[in-house]
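Next come two complexes built around chain A: one with chain B, the other with chain C.
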Partner chain A sequence: MDSIYQSLAAIVDAEHVSDRPEELYIYSFDLGTAEPHRPDYVVSPETTVQVQEIVRLANRENIPVVPLGGGMSLAGLAVPLRGGILLDLKRMDRIIEVNEKARYAVLECGVSQGQLTSYLERHHPHLTHSEPGAPPAATIVGNVVIHGQGDLAHPYGFNSDMVNGLEVVLPTGEVCSFGSCAVGASWFTNHPMPDVGLFLGWCGTTGIITKLSIRLLPAKRIRGIGRFVVDDEGLVPEIFYKLTHTQMAEDIIAFSSAIPPFASKLQHFTVNIAADSEKELELKQEIIWDDTLGEYIKRGDGAYLGFTRSLERPQISKTSDYKKGGGFEYVGSIMPIEKYPECYRRGREISERHDIPYTVTGRCIGAAHSMMFAWTYAFNRADPKTIEGARNALHETDRLVLELGGVIWKPGTFGQKLVLERLDPNTRDLMKKIKGLLDPKGIMNPGNWEIP
Partner chain B sequence: MALKDFAYGDTIHRCFRCGYCKFPANWVDVNNCPPYARFRMETYSCGGRLWLSRAWLNGQIDWTEHLAEVLYSCTTCRNCEVKCPLRFNVDIVNMVVAARGEMVEAGRLPAAVKNFLQNVELYGNPYGTGRSSRGAWAEGTEIERYNGHEYLFYVGCTGSYDARARRSALALSQILRRAGVSFGVLGNEENCDGNEVHKLGEQGLFEVLAQDNITRFKGLGVKKIITLSPHAFNAFKNHYPAYGGDFSIFHYTHVINGLLKAGRIRFSDNMHVRVAYHDPCFLGRWNNEYEAPREILKAIPGVDLVEMEKNRESALCCGGGGGNFQIDLLGGSENSPARRRIREALKAGARVLAVACPKCLIMFEDAVKSEGLEENLSVLDISEIAAKAWGMIGHSQ
Partner chain C sequence: MYELKFDPELCLHCTTQACLTRCQYMEIDGETAQKEILKIARGEDSFVLHECATCYACEEYCTFGNHPYYLIAEKQELLGLSPVPRPLIQRAVNLGIPFRGQPEIKEINGPVLNIAAFSELTYLIQGKLFDGVTPISTDERKMFHYFCQLMYLHYGRDSVIKERLPRIIETIAKHKPTEVVCFHDECYGAYTSYCKAHGIDVPFRPVHFYEYLYNRLVELKEMIRPVNLKVAYQRPCSSRLSPDKHLFVGRIFDLIGAESVKREFVDENALCCAGAIEGQKREGSRKGAAMQQQKNVEDMKRAGAEVCVFNCPACFQTLGGTVARNGIKPVHMSDLCRLAIGEIPAGWR
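So, the complex of A and B:
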């Protein structure tokens, strides 16, 4: 038994460290198309102190550390590209505090989306968080780290905009706090401290977030989904614009897919509406469906498809089984909303070239300040050809994002290289200096955001 | 065995490992898959088991003792099937059982599993105790051998051999006798029902057991069977018909509840106790019976029935299913499912944890001791609670 294994077992315990082929196999995979790479060890710590000790050990031994949350990014961001210690953080799953009046929650890094949704529903029914479309096993911190967005992205923006504070284990083992908690106050705000913004979007290459304070948001008593459809993709940007102007919706999504065939080429909208009373609901529905979208119905350009009371939370996704193949991956992008028609058309072309039924989705962020536009490619996990086909389509789409003037959201290593090629050289140099300063041995999730 | 010849070779890759299977219905935590709750490594999640099974069948990884333990740590509780939103969900446990079957075929089994199966084959029970003592639990009582009675009371291995579970078998027998139910037992002639053998992947031995039991039951003219254990209930109800075993099967809670409704049982003792009921997997998720046990408890004067946060189809398994009450791959930790469940009962304010399964009874009673909670929580089978409420068992029991 090697000394690193023994040291890891001394830090956690023998049951939560493994160098056995079964754990190394399972943790070598992303759920998308990324090629697997085996770690040398899998460790599941329970405390920040244990994370610190593991990081210090990795520094001494000069071996990589790859932090893993829910493992749902689908972009291969926690695949141990150069082996080392795979750090499964899901045992750190305590909800430390919910402050009802100041509307925030302090969480450990392993708290899942489902866990927080359930906790708030049971103990703080007036509060909610912006829940992403990821499975409920995805972690809150993991989603924040990748600049995720959720079902309150229209009124409140990216989930990473809702950070009130962080506790981070640096690559050299020190623990740092950021936000109001750093000066001994409660975790109620990230402002107005000097901006050090070093940890979000870096895929764990600059440190491991162990605690997070995230803003909670008002939960209305009634929540539901209204549906609308148009046959012209060119109308989508103006509809986004008009709907966001009303400030009556919680979430606005446009999507189109090849399946079912009768609905192919149509652009569907889901508009989440919430209210505390029937009167409020009626008013909002009237403003959205009659005053705002009524003109499209009158012109024959669109149709109202009804309103379903209640909202499925956590959201259930069945995308992975579309091809009965257990796999899908998507390229996400942050795009100006006026690019929706082109994103849709070009995405369809790519899908058709790779013989994959197209699925595209655009979620409105803020007051139509941007949208997250995603192109999804299903594959059959048992058929390497379909995996390769999906991977090629994904790479082609990564290029398309930049060509259309967008930014790739949570890019995998392929997309990261494309971004770095275009990145302002001075910004590249700054990122390189920051990385070198924080992680002098280059042990943190190597292979991601590497600047030569 | 190659993947292409595997019974679920065209399905097993469809698991995305999205992790829905770890949750209960209310999403409160990711600890509702017993092995994952115990070890908190992805290998032990439902998806981990399916991916590992496929990798082994595909030749990507070799068989190891650890691989086998990961597969056999599944208690076949079916929480994964309830929570998985995908269309193949009905076959998840079947896939695990089939992969175990391949290990049985290959003769590559953990020692504890091998012992379990050998004991069942040799002695008709997993304990390795002689067949001649199977009926000893009823000695000195007036319980009759089956001889054309309306019901066969099938006690099962646990109720026959385990000292603690025997008390619930006796309590049930007393209730049935006093209520005037015509029943008899098989004594030493009883054989293992095979439910766990089936779930351990030994289909050949299961068939032998099923055919032996069916032949015996039919030879005696049995038409109706009452089981103490939901595991036997499941085997008789869901597996035996494929071998010609078409009997009317009742879990004992069905029978007691029926007797209550017919006025043949009248609870009198006021128990003044807060009780939480634990849904056994093979009565609940496997056979969709959630109400009969609760109706019995609600009918008892003074019983304050409370629900644990995870109940009915979200109940956390005791960790004893799929042979684990014997092979014990999930024990030895405060994260063991039974110990977690005991803490959940305590959190619900219960002073008594009521069960309707002899395996749950043993698992939880051990867990109470491990947690040092003997003064705070008692574990009782519903048969015992009902007998006490009918004034048949002293309060010391």
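So, the complex of A and C:
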């Protein structure tokens, strides 16, 4: 038994560390198309102190550390590209505090989306959080780290905009806190402290977030989904604009997909509406469907498809069931909403070239300040040829994002390289300096955001 | 191409013009009704083509069996006057396209139950009532091979039915059924009414779901314990295509001890669920549909209904929630029958 293994076992106990090939295999890949890479060790800490000790050990031994939340990013962001220690953070799953009046929750880094949703439904029914389209096992911190968005992105923005504070273990083992908690106050705000901003969007290359305070949002008694459809993709940006102007919706998504056939070549909108009373619900429905979208209905250009009470969460990941083999990966982007028609058309072309049924989705962020537009490519996990086809389509789409004037969201290593090639040289230098300062030995999630 | 057998002479000699004068969505006197239906028959524009709620009721009201609703739907398409927006038509037409391979044909040589495009509802065809009948179309991936297509009448797309229905019939016939119990009465209406009106051959014997349920209940009479529930029945638009089978609703209720409450909107005066109305192009369709649903449910409440009984899954989906929020339990007819023979349907509380 090697000394690193023994040291890890001494930190977390032997039950929570492994170098057995079958377990290393499980941690060698994610659910997307990224090539697998095995870690040398998998360790599952329970406390911030244990995380610190592991990071210090890794520093001493000059061995990579790759933090892992729910493992749902699909982009290979937590695949240990250079081996080392895979830090599975799921055991750090305590919901430490929910402040009902100030509407925030303090969580450990392993708390999952589903866990927080069910906890709030049970104990704080007037509060909710912006739940992404990922499966419930995805973690809150994992989503924040990649600048994720959820089903309240339209009124409240990115989930990373809702951070009130962080506790971070730096690559050298120190623990830092950010936000109001850093001055001994409660975890109620991230402002007005000096902007440090070193940990979100960095894919775990600058430190390990161990605690997070996230804003919670009002949960109305009635929540449901209304649906609308148009056959002209050119109408989508103006409909996004008009819907967001009403300020009556929670989530606004447009999508189109070749499968199932009903969605093919049409643009469907799902509009989440919430209300505390029937009166409020009807008012919102009237403003949205009759006053705002009524003109499209009367002209015959758009159709109302009904309103269903209760939210079905999540939905986007259902794409994996549309084709034999259960695999899918997508390129996400942050785009201006006016690019929707071109994103749709060019996405279909890429899909058709690679013989993959197309699936595209655009979710409004803020008051249509931007959208998260995603191109999804299904593949058969048992068929390497289809995996290769999907990978090629993903790479082509990464290029398309930049060509259309968007930014790749949670890029894998291929996309990161494209972004870095275009990045302002001064910004790239600054990022390199920051990385060097925080992680002098380059042990944190190496292979990601590497600036030569 | 299949052609509708519609005889304008019958309208000329009709004294009631009930097809339009009894319409619950348009106020039309007898003289106007005759004028408009004949205009439609000649292929001319009529306000009826624009304002039709597509509730199918005129098929029942016409005492000559002259198929005024099939005529309306056919002419709506011919004149480009679909009652719903263009994307909704495309969506609906796409919906019925099978996309996951060919159906798996097994020769049954006995009675079959066709659950059509409702494979996710197979829990509604379980238990003793369905012993001895073989379900087909239980695979969600293949269910559109068994979909009767009649819903395109709501969209003014009669041509889709004419194009696809013969293939559906062919698929069902390949199972070599001795008779086909139709889970949804729209399918039954397709095979017994629409096909007859258009000269489409149906090489099997369709059986209405309620007739089947009634006969099974009679066979299982010893097991029946009265449900002692006050029930309202939500009659679907598709049952207007087989009004001769509507009497089985009352017969079943009598047999299982369900008290049918006295309502205004019942039998021939039934209000449709409004699912087809809310998506129409006409101004105020969404709100009008919601108001009609509330009117319908208020009628059930006033009559003292404890349970609202559905046949059509689309009606259940459209109206079930509103019914439940008004304190009336929504239930499918087959589940009500299962209760009567001591079985507990899925989710029953």
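Couple of notes before you dig in:
Note that in this section the second predicted complex is superposed on the first by the 445 of 452 C-alpha atoms of A that agree within 3 Å, B and C clash if a C-alpha of one lies under 4 Å from a C-alpha of the other, contacts with A are read in each partner's own complex, and residues count from 1 in each chain.
In this section, a contact is a pair of C-beta atoms (placed from the backbone, for glycine too) under 8 Å apart; a residue touches a chain by one contact, two chains touch by 3 or more.
This is a predicted model, so every value here is computed, not measured.
Once chain A is used to superpose the two complexes, chain B occupies space next to chain C without a clash. Judged by the touch definition given at the top, the superposed model places A:437 against neither chain B nor chain C. With chain A as the corner point and C-alpha centres for all three chains, the angle toward chain B and chain C works out to 70 degrees, nearest 10.
When the two structures are aligned on the shared chain, A:22 is found in touch with chain B, with no touch to chain C. When the two complexes are overlaid on their common chain A, residue A:196 makes contact with neither chain B nor chain C.
In the superposed pair of complexes, A:283 makes contact with neither chain B nor chain C. Within the superposed three-chain model, A:305 lies in touch with chain C and out of touch with chain B [touch as defined at top].
When the two complexes are overlaid, the chain among chain B and chain C that reaches more residues of chain A is B.
By the touch criterion defined above, A:10 reaches neither chain B nor chain C. Fitting both structures onto chain A leaves chain B and chain C with a minimum C-alpha separation of 10 Å. Put simply, chain A uses no single residue to touch chain B in one complex and chain C in the other. Taken together, the chain A residues at the contact with chain B in this complex read 15-16, 18, 20-23, 25-27, 29, 31, 42, 44, 70-72, 88, 90-91, 93, 112, 114-115, 117-119, 122, 135-137, 314, 316-318, 320-321, 324-328, 380-382. Residues of chain C touching chain A in their complex: 84-88, 90-92, 94-95, 97, 99, 275, 278-279, 281, 283-287, 290, 318, 321. Put simply, chain B touches chain A in their complex at residues 10, 13-20, 22-23, 26-30, 39-43, 48, 51-52, 55, 60-62, 64, 66-67, 70, 85-88, 333. Contact residues on chain A toward chain C in their complex (touch as defined above): 229-231, 259-266, 282, 285-286, 289-290, 294, 296-306, 309.
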